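Labels for the chains are A, B, C, D, E, F, G and H, by order of writing; each one numbers its residues from 1.
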Amino acid sequence: MKVGVIMGSKSDLPIMQEAVEVLKSFSIPYEVQIVSAHRTPEWMVEYAKTAIDRGVKVIIAGAGGAAHLPGMTASLTVLPVIGVPIKSSNSIDGWDSILSILQMPNGIPVATVALNAAKNAGLLAVQILSVQDKTIQNNLIAFRENQTKQVLQNNKNI
Amino acid sequence: MKVGVIMGSKSDLPIMQEAVEVLKSFSIPYEVQIVSAHRTPEWMVEYAKTAIDRGVKVIIAGAGGAAHLPGMTASLTVLPVIGVPIKSSNSIDGWDSILSILQMPNGIPVATVALNAAKNAGLLAVQILSVQDKTIQNNLIAFRENQTKQVLQNNKNI
Amino acid sequence: MKVGVIMGSKSDLPIMQEAVEVLKSFSIPYEVQIVSAHRTPEWMVEYAKTAIDRGVKVIIAGAGGAAHLPGMTASLTVLPVIGVPIKSSNSIDGWDSILSILQMPNGIPVATVALNAAKNAGLLAVQILSVQDKTIQNNLIAFRENQTKQVLQNNKNI
Amino acid sequence: MKVGVIMGSKSDLPIMQEAVEVLKSFSIPYEVQIVSAHRTPEWMVEYAKTAIDRGVKVIIAGAGGAAHLPGMTASLTVLPVIGVPIKSSNSIDGWDSILSILQMPNGIPVATVALNAAKNAGLLAVQILSVQDKTIQNNLIAFRENQTKQVLQNNKNI
Amino acid sequence: MKVGVIMGSKSDLPIMQEAVEVLKSFSIPYEVQIVSAHRTPEWMVEYAKTAIDRGVKVIIAGAGGAAHLPGMTASLTVLPVIGVPIKSSNSIDGWDSILSILQMPNGIPVATVALNAAKNAGLLAVQILSVQDKTIQNNLIAFRENQTKQVLQNNKNI
Amino acid sequence: MKVGVIMGSKSDLPIMQEAVEVLKSFSIPYEVQIVSAHRTPEWMVEYAKTAIDRGVKVIIAGAGGAAHLPGMTASLTVLPVIGVPIKSSNSIDGWDSILSILQMPNGIPVATVALNAAKNAGLLAVQILSVQDKTIQNNLIAFRENQTKQVLQNNKNI
Amino acid sequence: MKVGVIMGSKSDLPIMQEAVEVLKSFSIPYEVQIVSAHRTPEWMVEYAKTAIDRGVKVIIAGAGGAAHLPGMTASLTVLPVIGVPIKSSNSIDGWDSILSILQMPNGIPVATVALNAAKNAGLLAVQILSVQDKTIQNNLIAFRENQTKQVLQNNKNI
Amino acid sequence: MKVGVIMGSKSDLPIMQEAVEVLKSFSIPYEVQIVSAHRTPEWMVEYAKTAIDRGVKVIIAGAGGAAHLPGMTASLTVLPVIGVPIKSSNSIDGWDSILSILQMPNGIPVATVALNAAKNAGLLAVQILSVQDKTIQNNLIAFRENQTKQVLQNNKNI
């Protein structure tokens, strides 16, 4: 049971690392790869088509600008693909990244999260894996309770 | 194993019905409810907090305008929540629906699909359920192959 | 007679403090709380549903990104709720904050002010309280006259 | 105790009438006037400066395009002013109406509601009046309960 | 023969000064005033209504955010009013400033220039004055020729 | 003393005709021409460079999409050029028309009016001509007074 | 010497047909295919990778929404690819189509034309072919002269 | 065989230099000129109309704000014109630059690349020249292979 974390460029790594940290904290195995839709299209096809056989259960794909990686990966596998729109240096305030990941045609969905929200992509992957795994689900419940406590603590301290 | 399909208003039903049709075609059990974040907030809390116990595995939530239903539902359960931004009559070309579903803060993700893309929300729910279910996964693969065939057939006929 | 000032995150405090300063300057009692719609939904329900009984007359709620706090609070009380869209770090130039606060459906209004305009939220709360209180109204008139004088003075000095 | 309902043009009346209907249903006295910021600026000044003396407690102002009426009225009185951005024929999808009402400078707030949301403007005016009037507050609570019931009924009927 | 240069706030002066520099360079008399539509509405009315009698021929008005000064001034005089949308600190990337100046209703035009383009506002004022003044027109022609020469010179030097 | 009314395409005529009607109603001579920046660039150069000699005092130029006609005309003459952004069939909700007319670089201003606001372009041309012509100025004052009366009359009739 | 015209869906054909008509009118051979990036990704790879060997010189690719076809095709061949953003039913006013075609990363350009501008895509293909072919270049010059004449004729007839 | 690289202002040179570097690396001859549509319109006409005779095969034109240079150049020659929207200091986040280059009317296409993507403009020019030149095409294939290798190498190193 593994999560595949891919991104279009080395420069996306600092943001995508937040997804990895989440997976680590839930002890979910993962693999991290740079897969550029436009500069390594055949590697992308290979990656996506072999993912199920490698034991990947969910794919998290981050990209910016005309961000085709999440949607193209989704078109090449039936695994759920989570798209992270990245506000990269060549992006127009993130609008291009968001729209080219979110607005997929009927038939091939991408589970899109907020701009730069790799942490939430990681959490969503964990939630998807928790659907059939009570241990992960309980870990998520604990995570949420802790998160709630921190806000309530912040509230006490103001 | 059940998918919960909820929407903010009766007027969202024609669009959300497309998600239901997908679930039916994959023989996935489902429940359909109108749950308004703003007009029935306590019903929303109840719905979300009891979903796991009712056997719901994935929630699909559609809403338009200041669309708080998907994000609020997600905050009340650790089940994966798929958000469908609806271009309702009170929406500004759909931008409000998209941004208030997509831009969730760290900690509470919503798996957002394209504007009005209830069909893709249904497919994404099926893909999430397929993660641990080979039969559903095979059905998805067959669905995709059929979809591909239709495009290739359309191509032959032009 | 009290104004409730709430915000989705500790990081919103520097901006929301401007609302507090206005209330102080008009000698209006207030309470300040961190209430996260997504990380403390039950605390939000409790806060909103008990506000009237605590003597709160107006609520000022600030949030950024998919900003659900003002609208959800408004759905849980009949007190007037003033929404402050905050251009937080996870916001897309503030558009998401504005649209998810402003575009409330019929039935549940939020009195939205400009992006980051916590000062104006404070003033609007004072104006609402002044509707039945001549002293506050006179203080507002004096505030406005002073404001006018400052501009006219600036004009003399250029 | 009266609500002033003003609008920039006769053509705004069908939308602004929804505010009037709300006021009627809560038995709140009101006055309706056409006050164009640009074509009758002196009438606007007179209207706003005499509103308090006429017993007006809240002003609802609707306008479209470069919508200056709500903000200018707010600058001429300390009464709370609710702004209704109208998607008139000369508006760019409503963006101009929204931004020129919402984005008021510090010192002069306008309580902005959603695009074309005159009904919510009426409700917000009632909520403001209810701050010191238990009868109106109870009527609002009843209105909300009824609204909730209708959604729950719709839910039963699907 | 005089150009009136007004702005909503002292903080607009660094930008509006560019209009003044243009007027100086063409030896056009001018007056500079801070006139806030929202904080000094009566001073604005007085300024605009007495402009013709003071010998003002063209008004340049700069403002940001919900920028009502150019349009309101235009509604109070038949002099041509040039609007300069300013990207002030409370503006949403300038969109609010542009739309609330540009999108005036039929009957009251504002001659809008580009965001922060006070220099062009100055040049447009000069062009308007040149319509009946051959000397100014010749100075403009010389200005343009010089401008052309500089670009051609830059081209030679690359 | 003449106003030149030009437009990029025959299909712009219904909108630009509103400018012509204004000029007629003020008894201002005018000429109407189709001048396409992209399909007749040399005719555009000729038109703009000979305008002063033909007695043209102000040019009104309407265009849609990548609307280059107003700015290019302005670059070829020192006459004031009024730009009318037209929401033509190939325009993206008018945004392209507005931005490519409004956002002129320093040195070459275009006096931009609202989307499709050819009537206001006509009025602005009249206002520019009135700067040195008391008769036209008085006609404008009468036009404004009449406009004001109509709104006040509409107000009486509601 | 052939132009490949591809599109993501049968429903794009009415618009893409305009490109075909241009090619016909210049007697340029062409092939037309439906190639969906998301529903037939492998057919897309095959199409793009064999295009040079089939004698294709330029590819015109039209798509809407999250429009990945032009960019992905460009990544799979060194032939120039012209992208036509289509305002399809699932597009948000065309913004998604434009941004996901235009904003390609460094290394893989797509020659993007205006929204729905298949005619211009056809002309651009012809212009590219004319670079080394005097006959086509002369035909283009004749086409332009005729286009100019039509505008001048329209001008005479108003 | 030459590529013409032009730009509206000296300040565009740092970005446009990236196009030049690409041309150099493919050993394609080029010329670089500053040609301002608005400040040197006649030089622009001359440049564009003589380009074919000077042996220019493709023109790359960069400009920002109301960016008329690419479209006007395209209207004056049948050579393919590649437009580079530049996010210059007077641009509104690049939207004005993009829309005034991209949204050309039928009849006069501009091959638009991404915001600031002068490198891609250079590559597109090389691709256009490669249509009839196997050596350049082979160089492009080698460039792409190298680009792919770098991404795969980056992937190995993470």
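Here is the rule we use: contacts are C-beta pairs under 8 Å (C-beta built on N, C-alpha and C of every residue); 3 or more make two chains touch, one makes a residue touch a chain.
For clarity, every value in this text was computed on a predicted model and none was experimentally measured.
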Intersection of contact partners for chain A and chain E: C, H
Distance between chain centroids, defined by C-alpha means - chain E, chain F (Å): 18
Separation of chain C from chain H, taking each centre as the mean of its C-alpha atoms, in whole Å: 49
Chain E and chain G, separation of their C-alpha mean positions in angstrom: 43
Interface hub residues of chain E, defined as touching at least two other chains: 9, 36, 39, 65-66, 90, 92-93, 95, 98, 102-108, 114-115, 117, 147
Interchain contacts, given as pairs of chains that touch: A-B, A-C, A-G, A-H, B-C, B-D, B-G, C-D, C-E, D-E, D-F, E-F, E-H, F-G, F-H, G-H
Chain E to chain H touching residues, read off their complex: 93-95, 98, 114-117, 147-148, 150-152, 154-155, 158
Chain G residues touching chain B - in the complex, by the definition given at the top: 9-10, 13, 32-36, 39-40, 43, 65-66, 90, 92-93
Residue ranges of chain H touching chain F (in the complex, touch as defined): 8-9, 37-39, 41-42, 45, 65-68, 71-72, 74-76, 90-92, 95-96, 99-108
Interface residues, chain F side, partner chain E - complex: 52, 57-58, 78-80, 82, 98, 102-115, 117, 119-121, 123-124, 127-133, 137, 140-141, 144, 147
